[in-house]
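Alright, structures below, take your time with them.
Two complexes are shown next, each including chain A; its partner changes from chain B in the first to chain C in the second.
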Partner chain A sequence: MIMENFLTIPEEILLLSVGENGGVIPHDKNFEVVLAASILMDLAINNRLDSDTEKMILVSNAPTNNTLLDEALEMIFSNKERRDPSYWISQLSVRSREFMEYIVASLILKKVLKVENQKLLWFFSKRKYPLIKDKEIKEVKLRVRELVFSNDIPDLRDIVIISLLHYGQLLSLVFTEPEINKYKSRIEKIAMMDLIGQAISKSLTVFVSTTFSSVTKNILGIKSPEEKLSLFVKEMKEKFRIADDKDLPSWLRKGTAQYQKTLDFIKKVGHTDIYYHRKKDQYFEHTLTYTMHDFGSGA
Partner chain B sequence: MNKYIKRDNQLTCILSGRIDTLSSSVLENELTEKMKEDISSVVFDMRYVDYISSTFLRIVIKMVKALGKGNFVISNIQPTVMKVFKMANLTDIVKFE
Partner chain C sequence: MEIKKTTINQVEIFEISGRIDANNAKDFENVLVQSIEGGATKMIADLTNLEYISSSGLRIFLFVAKKIGKNGFIHLCSLQPQVSQIFNISGFNNIFSIFENKEAALGKA
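Our next item is the complex of A and B:
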């Protein structure tokens, strides 16, 4: 009964943000936290995490052979303190831009997406996945829609995806407003069917209910790179609910050598729409355009 | 340790103790083997079960999905465990006896 899935949950969540004719739909402010939560969900489905009615349980740090999931697994298991899902959503969200790169690379490698003229496109002319062992796997958006509109018993991964979209307030990526209203009860029922799904997804509400400050806008009027970085850190802390500076990654933690490198990069590019890629040990500007070079020769 | 009784096409699984991630994994492997036989309905007898985690609920969903709603039954469930099924909203799709 153990099933190997063609795509990970984070990959399917990212695909929901790729439009019908390619191109990434500008991400909702909740998208990064939903993506982070989806990583925890996938680890749960792969029996690395579990939960009961009260807590999240660390089960196994055996590698999953997926770069993204294993990065997250290493983060979680190397932490000495037992933390709740919201802490991990926060920690993973800070790295969400870096993680998106992993996800896109993997989707290109799996021939679901391709890059043309710096635009991310579906590999096939319509949104679908390649045949796996001559079998067709239904694309996530179609699958989720069909499930909600029917009375079928859901698959576990579809429960998880619906749960993420519901609690992360991203149902509009899949449904129209009238559809959301009409099928509200069915969606809520499905979203509750997995306990860890509930635990993780409910943690999302902490993030999605946050009203962000206008820090980013203010950055435009600020001259010094030091001030820009300081405000960027403040915004990240607020956005991802990081209360303590020690929980910030080193590239955003004042006093570290990496923080100085972050500052140097901001001085070079002149803005803070950037992220640090830990594995590559490099900084990148955040952009919605793509080149094959970004994803390595394998992609 | 789980016990299995097969009568005609029905498999009764007498489960016991805490069903956490590890014991769920054992149960899942055992079920995979048993289901290779000609089984059309399954009963989980849960009189000896006092704890379940999320992983067990996933096995239940897979069983209902594989067998159909009427062909998977949970019997003799304890109130504390039933509470978990209610929390996960699974009482609509699982048949209890």
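Our next item is the complex of A and C:
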């Protein structure tokens, strides 16, 4: 299928958060964990992972030639003992802001999105993909809506996307509330059609069902950089259900050289709305506006 | 995995033994697709001796059902309990007609 070689599942999930006239719908915690889960799903579709009713199965660490997927694959194969999807959703979620940069860069290279005046826009000024080998490919929101409104047997990719949206409580990115209610049964049936989709997506419910309130913003003005970072780490652990500090990435793990660099960056910018880009070995402030230099040579 | 193919009254019957997982799902797909591209529109998968199927294997059935479309069918029969459970969990009983045995499946062909 042409689609399989054109956009990844994470790319299509991110596109669902780009408004009709461009601009990014603010991301919440659910979106970050859904994005993480979508990476696992794509690895499964690419036969790097498999599953049955009991466990996730590592199949192959052969490169996929997609930077993001290969980063995730390397993470997973470096810790083969962990077979529970929820652990990997947690680990990947912590890097979701970094991964979003990969995804946006890739979508710009593929001429699906563009950046103008620091705003992320659809390349063709509306929700549309470029022609691939002279063929039109339906963009994800239209495709998912048409599928749910029909009785057609779904493609695997669309099953996965609907599964992610359903279990990640993000159906409102595609459907109105009346539509969700009307097509609830159809959506649920589609969402359960893929086993690994079920396993990964059901792990999502652990993350999205937890009420999470950020305390960081309320006390940033009065805390020292060390306290801000400590609170930020606590927030990340709670948000992504990381129980053990050794499961934190080095930039958030107290006592590491990288943690000290994180602290230095927080001292410089004065807040913790940041992320660490491992590949570039750089820190960035998180923003919904974009500048071309953020994307380098793309993903 | 072993696949044995027979034809009865223009219905192609695939007796599948062993396991279908990520390691051989592609081979399984190739066998079924070859039949469809050869003109087969009526198929039965006899799963009497199928001991295990993973997500990768399930996807092949879905892909084949979609490929056959409304002009044909692929029925399933003789599922072992553990395989039947997986099909039920995935809601595949809503997509496929599943029969107790091959004779029942042929009766509806």
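Here is the rule we go by: the second predicted complex is superposed on the first by the 286 of 299 C-alpha atoms of A that agree within 3 Å, B and C clash if a C-alpha of one lies under 4 Å from a C-alpha of the other, contacts with A are read in each partner's own complex, and residues count from 1 in each chain.
Going forward, contacts are C-beta pairs under 8 Å (C-beta built on N, C-alpha and C of every residue); 3 or more make two chains touch, one makes a residue touch a chain.
Keep in mind it's a predicted model, so treat the numbers as computed, not measured.
Q: Look at where chain B and chain C land on chain A after superposing the complexes, then choose clash or fit.
A: They clash.
Q: Considering only touches as defined above, state whether A:Ile132 meets chain B (first), chain C (second), both or neither.
A: It touches nothing on chain B or chain C.
Q: Does the superposition put A:Leu142 against chain B (first), chain C (second), both, or neither?
A: Neither chain B nor chain C is touched by A:Leu142.
Q: Once the structures are superposed on A, label A:Val269 by its partner contacts, choosing first (chain B), second (chain C), both or neither.
A: The answer is neither, since A:Val269 touches no partner chain.
Q: For A:Ala62, using the defined touch cut-off, is the partner it touches chain B, chain C, both, or neither? Pick first, second, both or neither.
A: After superposition on chain A, A:Ala62 lies in contact with neither partner.
Q: Output check: A:Leu109 vs chain B and chain C. Expected answer is one of first, second, both, neither. What do you get?
A: In the superposition, A:Leu109 contacts neither chain B nor chain C.
Q: Which parts of chain A are in contact with chain B and also with chain C?
A: 44, 47, 50-53, 57, 59, 153-156, 159, 189, 192-198
Q: For chain B, which residues count as touching chain A in their complex?
A: 20-22, 25, 28, 31-32, 35, 51-55, 57-59, 61-62, 64-65, 69, 83-84, 87-90, 92-93
Q: Please name which positions on chain A make contact with chain C in the complex.
A: Touching chain C: residues 44, 47, 50-53, 57, 59-60, 153-156, 159, 189, 192-198 of chain A.
Q: Show which residues of chain C lie in contact with chain A when the two form their complex.
A: 21-23, 25-26, 52-56, 58-59, 62-63, 65-66, 85-86, 89-92, 94-95
Q: For a test of understanding, state which residues of chain A touch chain B in their complex under the given definition.
A: 1-2, 44-45, 47, 50-53, 57, 59, 153-156, 159, 189, 192-198
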